[in-house]
């Protein structure tokens, strides 16, 4: 009877949503780094030519590293937030799918920025995509907190958490705007934004 | 003795089939979006040139978004239907493998349509592939409902569900036919088809 | 104390080996089909040109389909055999890793055959790689049956199973040899080999 | 109350970290081998030309095989070490993410070495990347042993294990240095380094 009730209410188990999401996250972070291309050398044995080519790839590598860290942060937040839910439902599946679509789009502006780091549009788009992803995460978080939260965890929720979570969005959009004045300023803002929310949302550390 | 019986009857655990399927789905949706290529610019710092190149990629991006949503819908249906089964057997593994093969073929007509959105054959093939995938899902659904369904869930099944599930197939084929008269009409049909069955099959919502 | 004993004996849980293997299998089957390339057309709107290009890709598609089915068959056998084990150990991890390396090599001869279907060396290599993979699976199977089998399942094992399992190896090698006389004969042999062992090893069906 | 305590202390379940890590490992090992490119032949039917092209790819294939084995060894060690932990926390997620980033970087120096096996810089970089990865693993191991180890397993830890684990780092750096004198000497050192620690850390085998 319990199983029947669960099905007729459209309740789903969380484990497959987690497995699907973990697969998507794993592919995104791995391909971020895997997409680094082997440089083409005229003289295969030349140390100087290879060193020069690798140094030229360094900014591209660093940009991918920033994206890697940000996606890992999203994974950690996703892991935390799904841990709050007592079960899944169809609304959660779709909110989560939209969030994952946003995540799987991240390698594109990352690659664009790696190629055209001096182009204000590329730098600005990078920030806009991360702002969008942060908003998609906020939507996922809100959906779970409002509808699916385990009763015993409800009182752990910080009532100002919803307002606070827009700091990340604002910071990425600030970076996206700053790109049109100075691409270097934008990079500094992007670099510091994940540090703001490196601790998970609504979590009180010990001591 | 129970384990022995299970093995001699060819019963398999569902969890590995789910893990394998989730991996395949995760790769498909991620690569759908990941395959967007960084445009080649003559002037790396030109905002106008990059903006022009990105706007040119917009239809390609939208087509990938449609495929992303449809594959997520297939994932949700797959998740629902496997939840009905009490265990797996060899027939299920093969029905599921054929279904996954159909899914992993989706990025090809998607990329084809992204490249040649004005070519009736590309537009038509897109619809045919989704009609085929819907039929493969119907086969999977029928296999589980007829042979492996948990007894307590059997009475939840809508007797008209089997007939209803062909609406999606018919709609995709209609789009595929319409492509030869107007590619725009086909796009409209493709866009609305998943909305028809955005709720899972055989599910009665609350209230 | 039980956990301590388990660790000091080098016993490992099976679930991570299964998850890792399922991930590898999922990537292999998906990329087999995903690697189909969008043809380059001179006239983007020409139905005839696109139809011609797609028909030219048909043999490549069929070869990938054969590989897809064979890898799914390996997945099914892998799933069956790991279900026999009571736990994992370091020897199993390495035997399994070698097996997975063989599997992840499959897309290479598949792509080679898709490109050069008329080249006897490409056709022959395809059979040799599948013969090698079948041998790696036999090694995995033997390792589990000899060292890690659940006691209650031991009597299910067919004593002639070990000898029987070499039929697949012999058949693939026969195809590899036949390729030097007729590539078509080799294709027929490859196509029928997985059908021989489409039922799992050592399994007695009902009725 | 227990769940509340767990959340307020920032404790996380290990299973999603394992699933995410297994996904990353699966993609890395599979793509290592999948990246082998089909050679371009002038005469599609020429056995001699294809044989020549494949033999030319052999060193590239062998280098990828070495990386495959090393990454599988890292997976085994990762699996062993996470099995020691009683739960996860935010520090573990970040230490693990840094470790996975190091792992996902492995295909790049591998591809570089496959292309430019005679270039001392490429050979040296290969060793440096593996030394770095070994250090990242040591950090992960230390984090778990110092903060998260299951009490009953604490006495299994070899007090000299920490010092011993730097042998791998030293050996890879020795190879990286040797590359500037003889690339062949470096290859020999790289080949033997994983054999040193093919048994898991801190494990006492039977008998």
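In this document, chain identifiers A, B, C and D correspond to the written order of the chains, with residue numbering beginning at 1 in each.
Simple rule for what comes next: a residue touches a chain if its C-beta (ideal position, glycine included) is under 8 Å from a C-beta of that chain, and two chains touch if they have at least 3 such contacts.
Remember, it's a predicted structure, so these values are computed and weren't measured experimentally.
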Superposition of subunit A upon subunit B: rotation angle, C-alpha, nearest 5 degrees: 90
Self-contact between copies subunit A and subunit D, residue sets same or different by half: different
Between subunit D and subunit A, distance of the C-alpha-averaged centres to the nearest whole Å: 25
Averaged-CA centre spacing for the pair subunit C and subunit A, given as whole angstrom: 35
Numbers and ranges of subunit D residues touching at least 2 other chains: 19, 22-23, 26-27, 31
Parts of subunit D lying in touch with subunit C, wherever the complex brings them together: 18-19, 22-23, 25-27, 29-34, 36, 38, 41, 44-47, 50-51, 54, 65, 68-69, 72, 75-76, 79-80, 83, 150, 152-153, 156, 199-200, 203-206
Residues of subunit D defined as touching subunit A within the complex: 1, 3-4, 7-10, 12-13, 16-17, 19-20, 22-24, 26-28, 31, 90, 93-94, 97, 100-101, 104-105, 107-108, 111-112, 115-116, 118-122, 125
